[in-house]
Structure formats: structure tokens, C-alpha cells
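Take a look at the structure set out below.
Letters A, B, C and D name the chains as they come in the text, with residue numbers starting at 1 for each one.
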């Protein structure tokens, strides 16, 4: 039993006006554990706080109940007071007799009666309080960024700029991501490479940043401030530190006919390759599926021409163990597969392409050196049909595509249409849309320019079918505004394919115990107030892995994520919330129900040897809560049938004592 | 000996119920149970009630006292209510014998006044068995199912009901029933007894022998290796204990009502893991120990302290109700060894 | 009634014991009467031949025994599992309650188990011997010269009348033929109660639960109730209680017990089988199962290892607690 | 005013982040609701164990209401989704046992919904008052 002091606040007349504070402090005097009870005008004032401190000393109080305003207002204040008086700050309970009593009840009798009951509940609880100490854990001052697209690049640069080391893990041979494949960027039409590649160089030259390209994260252990990550560096058969990126090997490689991923397979690359001229790191990579030396042990030409001696056919995959304080997920997106949308004849005609393929076709570094041609015959297309929302905003029951809006397609399609009309004014450009969505700075102006200045023909309606016929693509569509069917003979059809999270995101989420929505986008900790934090402490979200985003949004989110990481890494130690779950191992069944409901992945299991009541020893699987990760929601406590899992500060017995006190 | 016509039995009940509460076995969804008599309930002919009549004298829960605090003062309240007179009709011979077992526990010094009070106010009207069941083994305890004890013994034939008072209490009650009953001799009763005895002699458990048990056998039986096997599938529930007419263990607990603290006692079972838990912990840590305790108590410890009287009356309730069909008969046969072959 | 015989099981168990696959056998042992069957561990072929039994009264679900026994035996335990037992088996594995490697599970077909109370209701007390002959049962009693001949299906246990599956969802080896999941009418009785007025339902349960003597047989036999320490036995839990002191505590125990096994209860029916007071406890568990099926989609606990029970899962579109009643009110 | 007017006892479990703040807001705006409502603060609605609900009834509550953040807005991302399933199952079971379904309620009240909090409590108190005393889930020992 505690020695409880009760302090009833008048809050001027705010409380005293509707609650007889004298009667309250008098009534609470005889409650179990109470050794001192008083009232005062302003408990939160310096004088009030001093009164508490003195009473703690004089009456050897071990627990404090303040009957005052909401704990949301002054709980922190009174906890500090208690600490100053030498008490554990968590030995304080507040009875909310202002917001939830004096302010909502008019009658002084009712108000007083209720205030007494609320006071009793707080006393009943404080009698069962235990001193709590927040756990502390050290912080590894290094961040990991998973994904080296613009989101990852920006995040890494910002973190490095604050002076913290950062590692980028990128599964492709180069960083740069989707942005590196783009031609121009909306709405300003500056060239993507011109603004991205300097940043890539910055990354390469920043001595705080390490790039693990052609690498993957294969395991994540630990928790906020203390992650242990296993990174698999895939063998690229070229010594990264020696290769100068001169390209001699690429030129000499005899195995030239391999689809070039960077150009989405629209042209070929050799077995040894550098994805594009500005690649970072600018290092060659051997495709083991294409290289005859690796497959059959014959050739070895690249090794011969490499004056640096960087080629190493014996290279093996390498596993690195690294420690991090924070992890940023920036795994990005991909256009969805067009397999289920064969009404647009994507598989039947080379002249039906996706928007990303269109980007490559119009890019000066692309397969056609920037000349807009039909992939089938290299001719200049005169009629181009853009189809919007291919796979976006689909009906859930359609069993194909995505229900969400991919967000970026309206704008890039307007860009494509405008650029086409700008460069090739003789081209007829049609855009079929459901809605045109342009909420963004200068976005609507941009779209209107496409329509008004460049004469792009926007038609509200969907394309029903595309049929290749001779060298034409018969496009059958409906115009919903004119309410008629349209038949267009197109030379090129461009599909604005929906975008989806990268396939690597799901297994990564499992490793990180970060949650995902049904579309495999990472879930943010709070949709409004914590948009770049994942619910798992220490894991942050950057870019399209969290939801479709354009570049400006991605960059701002990347910066936000970086600032959160910096905030975390600045700390030497993390102080946890002491009101965390804890498991009584003797009662734990090891059933995993608590781990199933934990939103933070704070619960793990270990096999421990126990001396059982029947004098035998037994190895049992028991839950253990990581207090640095637990946020104290209590979901686990209710799911535990044996009651082994309880929540400090809001324990089963404490809440039941409150119930009892209120109901008696 | 007095008798009345079988169809008059309900009138007898009505007459008894005029002065006291009358309980008798009635068939319910849960099997036969002692129920308060009223004109609409029907006396059950079934052999055993699921719960034994010990409930009337030693109820499952019973308030002993209460405490109330006023300011810093504590007030102690006697929660005992005056017990009214009551009669229990239809108690079988085995169950009447169980009161001997309970009396020795509760009425020996110091007398349990709660129990004594109820015993004083209760009249037991036993009924002789006519259709024993295969689970019956009262014969092993020398109980004559055809001559039940109690304040009044009753025999039923197809046409008549016969009464014989055994105690003053019983005689007093019979006196009240004199208008509805008439004097008679015991020929019909004796012949009924004979035919029941014929059945008793055919019971499958009739040869159960207890010679291996009794006072003084503690050292011999305690370490018997059969306890392991017998107890291995015991679930540790309290079914056997709670349906048993002779089990008498209880726990005393406090319940905080918010306004006062009620001290009550409730049945406890030695099969439970926390039974007789003390400051140092439990003294029987495995189910084997708990299982052994139950049967050693019934067959060895109790007789040792009570002139050889076994704390089992062979009613067979535990045989019928154990979830895994482990029971005292199996224990007697296994541990008793050769005597039962 | 059973298609598989005692001899077949003994034969299988003896082989597995002899070739060292298992070190002991969890099986049924005959008692004094044909219906008087006790779960037991058999260590040798001799013990099997002497005491092993398999008949229409081998209802006990062995899965729960594995929790305690697997920790105490060297080598593997052979366990015979009826289809319904396999669901409990899987559910316990889902909850990591025993080591699968320590068990050799042999699935055996089950034609439904008999309820001795039903036999006695037809044939009377004094049952001396029960034999089976195909679909018929012969029951010899103290009180009839000729054994009574009764239909086996008339004495099926309630849970077997409403059998949900003849399919084994877990085993290392299967004896006999595999069956199917069955369309059962097991929720009919729940639906009947739901259709009653609240007053009627209250009266029904008040009557049923008032018989509870808190012997804990339901809990102790339940293969989902495997807590190291039950909250009702734990003096530090704040809800410990030992007796049904009044109608509130009768309800509290059974509501909370059903809630704690909700989503984990495989509907094996052991609770009702073992209740000495014939309280239809399965109707509480089935209510939860029926509700969760209706609210969150069909879910059979134990159908697979590793499934996530409805109460430790959610969707953003779940119905609101208030809508539970709206639904029913509009259905009615 | 009648002297012996029946006053129900209502226990309201409010999550710290939304509903408790909503109740505070009702106070800030001086929105009245009956003093029969007594609030217990929990970190999240998912902290509410069915045992607490039954405990309240045992000890004399006539109605129990659980308030949490709106679905999707949980401070802990998913706590209230679990609450929703748990309480749907529990309330349905209580109803199955014949306990008046109007005595239990779950309501989502955000920190901005002071008015909703007060209105909800007014409505709930009215509903429970109409039902009268909780007789079906009471523990007579706890009656005064």
C-alpha cells in the first residue's frame, strides 16, 4: 500500500465553482492509503507545486493524486514536481475533475459527488502504481537507405549533409532509379538527366555515403537505433574498386544481343555492360546469364582488354553485416505488367508501348537517339493515341489492375503529348481520359497549355480495343461527352500503365516488421501526422514505396524522412516510453497471439529453460517485449488468455481497481 | 412401520412441506437434482442425483462473515442467517452413510457451527434402492442399499410406500404424517429387500475388496509405483471431488464487494494445483501427488483417524462423471492388487 | 460402428514401437465397463495387447495431452487422431504448444462416438456389456434377460451428430480411408437461440449455467485451454475465483472462457462431453464461431497450421459492433 | 425533481489520444452531459479487456461504453480495428446470453468531436436509463 497524498485543485473558480473542493479533499482523506489530503487554488502554480513537494517530504508520500484539470494538460507538470520531490514521476495520477466534471456539470452536488468518485478511482490506481523508469538504448549513428532512386538519393544526401554516414543499397548496378530513365520532367520540362545526374555524382563523391549497388538487404534484426542488417552484394565479376569505367570491355564483348533493361528491352546490350553513360558507380557488370566465360568457361575477352585488371570471373556473392540507427525505405515503383490488358494489343504489336517506353523513345540517350519513331518499322508516327488509367482506378471486381489512382500519369501524358506536338507539329495526338487530375503547382496550367497551345485532342472516354491491322492500329474508343463511338487509325498507342510498389517491398516489409496496405504500399505511422514514419520505430518511408508520387513530392518526402532520421541520429541515447508491455514468462504460453497483433513488431520469442512447478526443467517458448520498440498500446494484453502480458502504467489490476472504485 | 398408497405420496410431500422446506430428486436437463418441492415437480426414481445431498449441509459456497470499514474503523458483521427446518426426501443408502463421514469431520471438536446448524434443522428421509446400477459398489463398504439409514427410512413398492422412523426427529415427522399413513408389518418390505439383494449379488463390482486399504497402510501404499500410471491422464479437474458425497475440503476466501469484504468458504479440490497453497508454496506439486492424496485420504488417512471408516460410500458418481473415466474403483483394483483378482 | 478395429490399431502401434519409430503410444485403455475408457500411455507391445481398446466410447481428444507428454518422453509419441482431433492438433501447433518432431500422428477414421447417457436413456441403468454389430449395438443390462438391440445412430454423441469433418488435417500416416469436410447443421441450435427473445435467451442460459459447479472439467479437457496458468486460478490476476458464488460468476467464467478460446476453438465438443451437469457449453463456443464466420468470413480453427485467427486479425472494412445487432434485426 | 429518480452508472473507457481528448474538448466547450458517466483513461481502445467490461457490470455499472479513435486514425495504427472485432464478438455474446444489447456500445470519437462526445453520452445515458437497472449481469454482493 502506498502513502498517498491527495491534492485537490480549485483552478480558481473553474473547478471550485461547481465542485465543493473542501468536501472532496475531506472525503478522500479516508480512502485506503491516503495519509494527506488538501486543496489549493492553483495546484499547477509554483506555490501549488511547492505545497506538493513539501507534503511529500513531511508525510513521506509514495504516491500523489492530483484532482485537477485533464492529465493531457498538466500530467507532465506534476510528474516533474514529483521528480523534484524525489519521487518516481510515474507515481502520480490525475483525477480529471475540470474538463470531465466541473465544466460539464452544473449542479454543485452532482459535481462534488462525481469529483469524489474520480478521486477515489485515481487513488485506487495509484495504490497499485509501481515506479517506472524509461528504458535507454544507444543509437548507432549511421543510416541505411534502401533504394537508390531519386527518393533514396535525396534522403541520403540530406542525411550526409547533416554529418551522418549513410549507406545506400541499390539492387541495380547503378543508382538513379526511374528518374534516370525519364526524358523531361513536368511541369517545367527540364531534362531529367540534367537535374538528376549531378545529384548522383554528389552521392558518389560524398565521403559520408557508401553505395552498395547490385546489392540487396537479406535480413534485418534489432530495433530503432540498433538495427543489424545483412546486405548481400551480388557478384558482378568486376572489381568495383579497380574498374575505371572506361568501357573497353563493353565494346569488345562478343555477346552483344541481350535485351537492355535500361531501355526496357527496346535495344540490346553486351554481356558485360554499364547501364548508361552517367551510371554511378560507373563500373561494368557481367550478366552471368549471358557471358560465355561464366557459362562455358570460353572467351575471356573482357579480361584481356581490361588494362586495369578489374575482371574477376571467380567473384562470389558477398554478405556484409552492418549496423544502423535508422532505416529509410525508398524502394520505389514499377509500371504494372500489361499482361491482363490485352485489349490494347500490347503483346501483339510493337507499336503499342507503355509511357515509360515512350520516355526512352524520346530520350536523346535512348534506343532511337531521341527520334520519335515507331518501334516496328522505325517510321515517324503521324497519329498517336495516349490511353490514360490503364490499370489505375479499376473496379475491385474487375480482377485486374489497381483500385487506386497512380497520380503521375495525367501529368506525364500531358507532357508527352505536348512534347510530341512541339517537336512534330504534323502529328495528331489524342489523349483518352476518365478524369484529368492536375492538382499541383503549375500543373493545371501545364495541362491547359497542352490543350490550348499545342492542340492536343483530349477526349473523355476509354479506349475499348486496339486492333493491329496492317501497319495501323485500329483504335476503338468512346467519346463520353459527344456520346459517340470513335475509330482512330493510329500509328502508335501509348499506355499510361498504373504503377505499383516494387516486388522487393513485401519481403522487405516482413524483415522490417513494417506494415503494408493491401496494395503493398508501406503504411505510414499516421496518415496525417506521421507521413514519413512507418509504424515500426526507426523505419522511415521515402518516395513511391509509400504511395504514388511525382518527383517534387518524392523529393520533399525524402527530405522529410531525412530530417526525421537526423533527429533520431542526433540523439546519443533513446529514452523510451516506460508504459510498455511486459510479459510474465512463467505464465506465457508462447502462442504468438500477442506478436500477431503488435503493430510494431516489438514482441519476439525465445526458448528458455524453466524450472516447472512439478520440479522438472522444461524449455519453453516465451514472449519478450523490446521496450525500445513497444509504444504501449496494449493490444497484446487483451489477446493474451493467461494474462501473462500486461501493460506498465495501465496494468490489468490498475484498470480493474479504477472500475471497482467508480462502481462502488 | 407405517405405509401409504403409492399415489398418496404427493399428499405426504404436501404435508411435510407445510412445516418445512422439502427437497427431493427431480429430473432436470442436467440429470437428477435435489429440487424444492412444489405441486408441479415430479419425484425422480433415478438412482443417484448428480450432486450429492451433502450440499444441504455443506453448501458449495457459504458466507462466513463480512467486514466493513467506516473511516479508519473496521466493523465485523455476522452474515449467518437463521436456518429454517428442512427435509430431504429420497436420499439413498450410500448418501445417508456419507453423513457419518462428514459428521466426523465437521462435528468433532471444534464443531463447525455452520454445518452443525444445518444438520440440526434438516430431516433426512432415505429411500431404499430397488434398481442398483452397474456403477454401484456400496457393498464394498458394508452398506446395505436395501436398509438405508437417515431420520426416516422409506421403501417403495409398486403399490405402496413404507415408512420407518429411526430417530426422534424422524418420529416427530412421522407423527405429523399419521393421518396419511397406517400401521403395517414388514413382510412386503422384506420381500422387496430380498429381490433387490438378488440384484445386488449380480453387480459387476460386488467383489471389490478393500482389505489392502485402511489405517496403517500409509507407508506401504504411498510409494506404490501404480500411482504414476493411474494418475497419468488425470486432467486435474474437480469433477470427482464436487460430485462426491464425502469430499469435504474447502477454501476460505475474501471477496471485496467495494462496500465491504465478505469472507466466504467454498468447496476446494485436492486435484487443483493450488490446493492448500501456503506461504512457502504448494506442498503437492505434481498431479500424481494430488491424485494420490485424494485416494490415499479416502482409503487410508481417513480410516486411520476414524476407526477404520472409509471416506467413500460407493455411490458411483465419480465413475459416471470423470471426464477420462479414472476413478476410485480402478485405484482400488490396481493398488489393491491381488485381493481383487 | 467403427470401421477400424482394435486389432488394426494394435498392429500398427506394435510395428511402430518395434521398429523404433516411436517410444510410446498414447491410446485408450479399457476399464471395468465397455464405455469406461481412459486415455493411457502404452510403452510395450505387451501393454497394448493387454489393455488397448478401440470402440465407440473412445471419444477423448488426445491432442492436449501432447502439450505435457512431449516434454517428458524421449523419442516420439505415437498418437491416434480422429478427424476432429487433428484440428486441435493443428491449432496447438499453430500456438507452438508442442514439438511436432516429437510426435508420430496416425490418423484414424471415425464413424462417430456414442454417448453412454443416451444408451442408458434407452436401455436403462445397469449396463453390463455393449457390443457392436455394424449399425446396431447390443446392450446387456442387469434388468433385462436379453440384450437390447439399438441403432448406433440413435446414441451418437451430440458433437458427432453434428460432425463437421471426416477429413484429417494433420497426420504422418493415415489408416483407413480419408473422409471429407461435411456440411453440418452444427449452428442450427445457435440460430434457434438467436431467434428467441432476449428474455427467453436469458432464461435459457440462466437455467443452464445455474447448474455449473465450477469443477473446471470443461476447461481442463479443452484442447484450447492450455494456459500455463489460467486467469481463474491465478490469485494475482484479479479475477481468480474458485466457485460459482452467484449467477454473475457462473456467467463470467463461461463467457471469458469462451472468449479466450474464440478463434482457437476447433469445436471438438470436449467441453460439453465432460460437463457433469450437461450444460451445453459448446453452444457458447459455436456462437463465437458462427459470429466470426458471418462477420469476418469462414474460418475453421486448426484447418491449417499457422492460420491467423479472426480476433488477432482485422480488415479496415469490418462491421461495427453496433451493426452486429442491426444485421440480425433486419434479418429477422 | 423526484427524490428517488433512477440514475444509471455508466463506465466509459476512452482512449488517450482521441476520445479522452474529445471528452476534454466537450469540457472546454462546456457541453453538458450527465454526471452518471465516469471516464477511465486507457492508452488505446484496444487496451480494454472484455474482463473489464464484465467487471464494470459486476460492480454495478448499468452501461459500458468504449470510445476510441475513428477507424484508420488510431494513434497506434491498428488498435481500434482489434477493438472493433473484439467488442463485436463480446457484445454479440452478451446479447446471446440475453443481456440487453443497449447496455454496451462502442463509439468512435475524435479529439475534435467534443460535441459528438457529449451527444453520445447524453444518448447513451438516456438509453440505459430507459432500460433501468442492470439485473442480468449483476453481482448481488456488490449492491449497497
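Rule of thumb we're sticking to: a residue touches a chain if its C-beta (ideal position, glycine included) is under 8 Å from a C-beta of that chain, and two chains touch if they have at least 3 such contacts.
Since this is a predicted model, take the numbers as computed values, not measurements.
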Checklist entry - Which pair, B-D or A-B, has more C-beta contacts? => result A-B
Next on the checklist: From the mean C-alpha coordinate of chain B to that of chain D, what's the distance rounded to whole Å?
Outcome noted: 47
Item to check | Approximate Å spacing (C-alpha centroids) for the pair chain A, chain B | outcome: 69
Item to check | Centre-of-Cα separation between chain C and chain A, whole angstrom | outcome: 46
Next on the checklist: For chain B versus chain C, what separation do you get between their C-alpha means, in angstrom?
Outcome noted: 30
Checklist outcome for this item: Residues in chain C with touches to at least two other chains are numbered 231, 239, 245, 311-313
Next on the checklist: Among all residues of chain A, which ones touch two or more of the remaining chains?
Outcome noted: 597, 639, 652, 656, 660, 663-664
Checklist entry - For chain D, which residues are shared contacts with two or more other chains? => result 50-51, 55, 59-60, 72, 78, 82, 86, 139, 141-142
Checklist entry - Which word fits the touch map of the chains here: line, ring, star, complete or other? => result complete
Checklist entry - What residues of chain D sit close enough to touch chain A in their complex? => result 9, 11, 16, 20-21, 23-24, 26-28, 30-33, 35, 38-44, 46-52, 55-56, 59-61, 72-73, 75-79, 82, 86, 118, 142
Checklist entry - Can you name the residues of chain D that touch chain B in the complex? => result 59-60, 139, 141-142, 144
Checklist entry - In their complex, what parts of chain A are in touch with chain C? => result 586-593, 596-597, 605, 616, 618-621, 639, 641-644, 652-653, 656
Item to check | Contacting residues of chain A [partner chain B, same complex] | outcome: 30, 613-615, 660-661, 663-664
Checklist entry - Once bound in the complex, which stretches of chain C touch chain B? => result 31-33, 35-41, 60, 65, 124-128, 141-143, 207-208, 211, 213-217, 219-221, 233, 235, 242-245, 270, 273-274, 276-279
